[in-house]
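The following pair of complexes shares a single chain, chain A, combined with chain B in the former and chain C in the latter.
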Partner chain A sequence: MDRSIKVRTEGLYALSSWTEMLYLILPRALLIVGLLTLPLLLDMYWQRVLCAAGIYALLALGFDLLAEYVGLVCLGGAFFIGSGGYISGLLNAHLGWSALFCIPIATLGGAIFSTLVLIPALRLRGIYFAIISFMFPMFARYIIIALSIFGGTEGISALGTLPNVWTEIYLILVVVIIALFAIRRLVNEDIGLILRGIKDNDQAVKASGINITSYKIKAVFIASLLGSFGGAYLSHLYGWLGISLFAMDFSILPIAASVMGGMGTLAGPVLGAFALTPLSEALRGFGQLRVVIYCFILIGFIVYKPEGLLNYFQRKYHQFELWETV
Partner chain B sequence: MVENLSKAFGGVQAVLNVSFALKKGDILGIIGPNGSGKTTLANLTTGFVKPDRGTVRFKARDITGAPPHKIANLGLTRTFQVMRPYHSLSAYKNLIVPLNSPRVRQTRGGKLGDTDAVAIDILEEIGFERDARVPYKIAGSLPLGYLKRLELGRCFALNPEVIICDEIFSGLSMSEITSMIPLLERIQMDGVTLVMIEHRLRELFRLADRVIVMNFGQKIAEGIPQEVMEDPEVKKAYLGRERA
Partner chain C sequence: MDILVYGTVNSVTFALIALGFTLVYGVSRIPNFAHGSIYVLVGFLTYSFINDLTLNYPLAVFISLIIASIIGLIIYRFILIRLRGLPASEIIASFAVGLIILEGLRLQGIGGFKGFIGPFYMLPNFIEGKVCILGVFVNYQRLIIIGAGLAMIVGMSIFTHYTKLGLSLRAIAQDEHAAMMLGVNSDRTAMISMSIGSALAGLAAVTILPLGNITPEMGYHVLIYALAICIIGGLGSWWGAVFASFLLGFSMKLSTALFGAMWESVVLVGTIIFILLVKPSGLLGKQKEFEERV
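Take a look at the complex of A and B:
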């Protein structure tokens, strides 16, 4: 058979039988159904934790996209959260628009703002980009404190919240699921291939007549969309905005989640975020010792399972397929 | 096309007052000992390095110091001496990148259609067997000969007018080179002008219409291959001074 046809029809073999289809759909369905039924089994407190985990999942997804598919190690997660959160909160506090209206505007506005700020840093790569992007959330904090604008250190409280707890929880979960599948598709489209080309070898992409800066901008914009949504959502989840929206956690935890879940798998970092956030909540009783335990878990992963959870599960799952009963 | 081009890196004068012209459909060879500024010349011409002095003109347009992707979109592109495949992508997906350039979009009239199919057609033209597994292998795992072809294919996919090949024969076996020569000839017959930076003189002389010799950043000779090799300056550059 013509190989070019084969390549184009590669995905179709699965349609040949129900078991093949089930085999492919099962892990995806498990993830969707699992995430959507989880809130029904949890009490109020853990539902809140789940919401926070969703925000971290979006950040981790954005981090993974930029780090593994574009070659930009971005520690600016807190900046995305902060921009989105402040824009949404301020619109709500000063103009009185409802939360459901402010969130989409802030998602877009925060993403545009953070992308514009990061543009000058885009010519840097790897660790250099990481350092610069790590600075921006700190800048923002100190600017807000020094000028005492936007409520200064106190922040602004009594923001409008989402209509009810079910909207709160399902809004973030649905967005996480849609974002995950959208980005998984994106990285295999032509634009995704160009981004991966930039990561592998940006000189060759330039020699191919492609403006790499414009593609990097697009990628950063997508990642910051996710983060800004998370931030906007967060400010309305707690009905409060303040400088802790620029907290370092938002930049660091996504990295830990990516390492734990498996870098470059996209679904891995999402799972990692849903595992790590509750874990750090559960360890709250340990007080400061929590950070130590947390570090041990991370070191354990780096040393014993550097591939991450998802790659490990995926391998086991595919072994299961090859298993023949005699 | 290139006039009085100069570039110094710190105290090292990498290229000094080099000028040359390129006729459509030509194959121009650039030779010279290691460190004589051949690759820098390619970097200056294609915009990867900005020249200190001099101008580069392409199709009557001044492109001195323009960014590489703009120059590539005008139809002037290059291969790299150290090969630069997108090693995590399969061979045919490497070509998706140039196929998405503004130049290809324009020349193919807006919608490109199935880029995968176009990529595989191009790979076949540059010597990847369509029915073998090579086009679908991850580029990082390909042997050197295929990588060199892929490098050429990435340029060819751009539908270029000029390709600057930076040592495309280096590291290849004799038989790989012999199969590469007809490929280059075919590309030339498609109307592409080739500039070949080479150390493999015998193979280069089979192809090149004209040769430029460089030494210590300066052009020391230009002409048809036989003439150039008789030049005493060139002999001195390659073999050293004759002892009295």
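Take a look at the complex of A and C:
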């Protein structure tokens, strides 16, 4: 197929035929249709894995947005999961509201809570923000253990679950797809431009009379919305909440997914999460070797293919070659 | 009195833990997030050398320290060297190396390797027995920790300020290009810094570990304490690091005495978060004070 429709300017296309239209739509349609038909082909166990992968995909999306578009490397994904999960679970356990009603409230509540907690840290940058955000989940865990509130170390079990398995699985998949395309749209709007400006040179943005803190707060709020939804959903998926909602897995796996999928592409981290979670599940039989293998993958990508898979495939897809037979 | 004596021991322990990391990250700006893993690894190696290969204690310590410095060298030479100047990648890659070491220690049954299960791993004390100081009984190991810690801090501060190698370590942190123009081989210097830092982590491990069990989880805690002390104290400032470790050591002991052992970790992490929020460039740091925050 003639792929010359891609003008040199990134993201600008001159379309003149249905073939060319198809060329652009194909990858996007493949992703949506692929994600939506995948559950039909899997058995019960792998459907659960797919749900977990969806949660990691949301976290990876949030991580990518914050790291590549705002310049905040947030290692505290577990904090978003934890605050969303706890709010939703507690509402369900103490007030007896149904899961479908708790999840939206917890998404909003958890996002507001974690944004408020992170506001003082937003003045920091680079490694300082990374460390602080890494410590918040630990701090939350220690506080819950020390005060033994919210069920303490054992957590609360027997929470309400979602009506049936199809609701469970399509809820998360649809949210992932919507979030992905919404954020892709968002980063190309004015706000995305300002956020990228903050990443590259915050003093210049400040000098243009733009309040950078308020924009950072908005970005963190969006990322924590995704994470809190994941957390709220998770606590109802397993009908259980506990301090393992603040576990380091939720902070580390999304980063690995982003690195593997390609930082800054937004779709890459999502695909990375959908690839890594089943992989780590398949390696479950190896016990601790799983983490080791998975760190080797991470190091391999970061050292030998730092652009990530999606950037690579994107380049290959748009590249056109003319082979002449001589 | 109890608080004073044990608080001091605690603080010097923190200082020892942070020493190697401060040299590598604080002074030469290479994030070695495998610090905690090397700490645990050295403890484990020494244990195996003593018990499985029946070497004598000093020899076992010596060999494991050499292995630690070689690991530091390898991490830099094969991984970090490709990522210089990309802070996020450096952090992620070295942290992944640390995870490989720590979780690898838990493996068992592969090639006859026994693995790392249960709380049975302890190193023997250097000298048994205890002594009464100010009405509190302290065993000799804790006194050795204090002595070793103070000696190492003074030694390191002299090393980085008055020797050629130490000065070149500081030079590549401040301005790599200018240092290169003055004839400092930045890759070699960074490699040496990594290997000294890893050996220091190992030294801290063999001094401190006789007081308790060796577990893989310690690796994470050691890393976080080292990081916190290094930053709270201020990058490149040895006295800042000492001050920070005393701050953390005493706040931990005081909170245990006042509120109970439950609150130890809460107060510790809370203090770190609070100081980082209020003064991210560190309490005594002068390097790059304005670049760290908006």
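Convention: the second predicted complex is superposed on the first by the 304 of 326 C-alpha atoms of A that agree within 3 Å, B and C clash if a C-alpha of one lies under 4 Å from a C-alpha of the other, contacts with A are read in each partner's own complex, and residues count from 1 in each chain.
The rule we apply is simple: contacts are C-beta pairs under 8 Å (C-beta built on N, C-alpha and C of every residue); 3 or more make two chains touch, one makes a residue touch a chain.
Quick caveat: nothing in here was measured; it's all calculated off a predicted structure.
By the touch criterion defined above, A:143 reaches chain C but does not reach chain B.
After overlaying the two complexes on the shared chain, residue contacts for A:164 are found with neither chain B nor chain C. In the overlay built on the shared chain, the residue A:212 is in contact with chain B and with chain C. Put chain B and chain C next to each other and count what each touches on chain A; the higher total goes to C. Contacts of A:37 after superposition: neither chain B nor chain C is touched. Legend: residue contacts after superposition of the two complexes on their common chain; A:319 is shown touching neither chain B nor chain C. Looking at chain A, you'll find residues 206, 212 touch chain B in one structure and chain C in the other. Contact residues on chain B toward chain A in their complex (touch as defined above): 46, 48, 67-69, 72-73, 77-78, 80, 84-89, 92-94, 96-104, 114-117, 120-121, 130-131, 135-136, 154-155, 157-158.
Chain contact summary for the complex, chain A toward chain C: residues 67, 73, 120-121, 123-128, 130-132, 135-136, 138-139, 142-143, 145-146, 202, 206, 212, 255, 259, 287-289, 291-292, 295-296, 298-299, 302-303, 306. Listing the residues of chain A that touch chain B in their complex gives 2-4, 7-8, 190-191, 193-194, 196-197, 199-201, 203-212. Of all the residues in chain C, the ones that touch chain A in their complex are 31, 79, 82-83, 86-89, 91-93, 96-97, 99-100, 103-104, 106-107, 224, 227-228, 231, 262-263, 265-266, 269-270, 272-273, 276-277, 280, 292-294.
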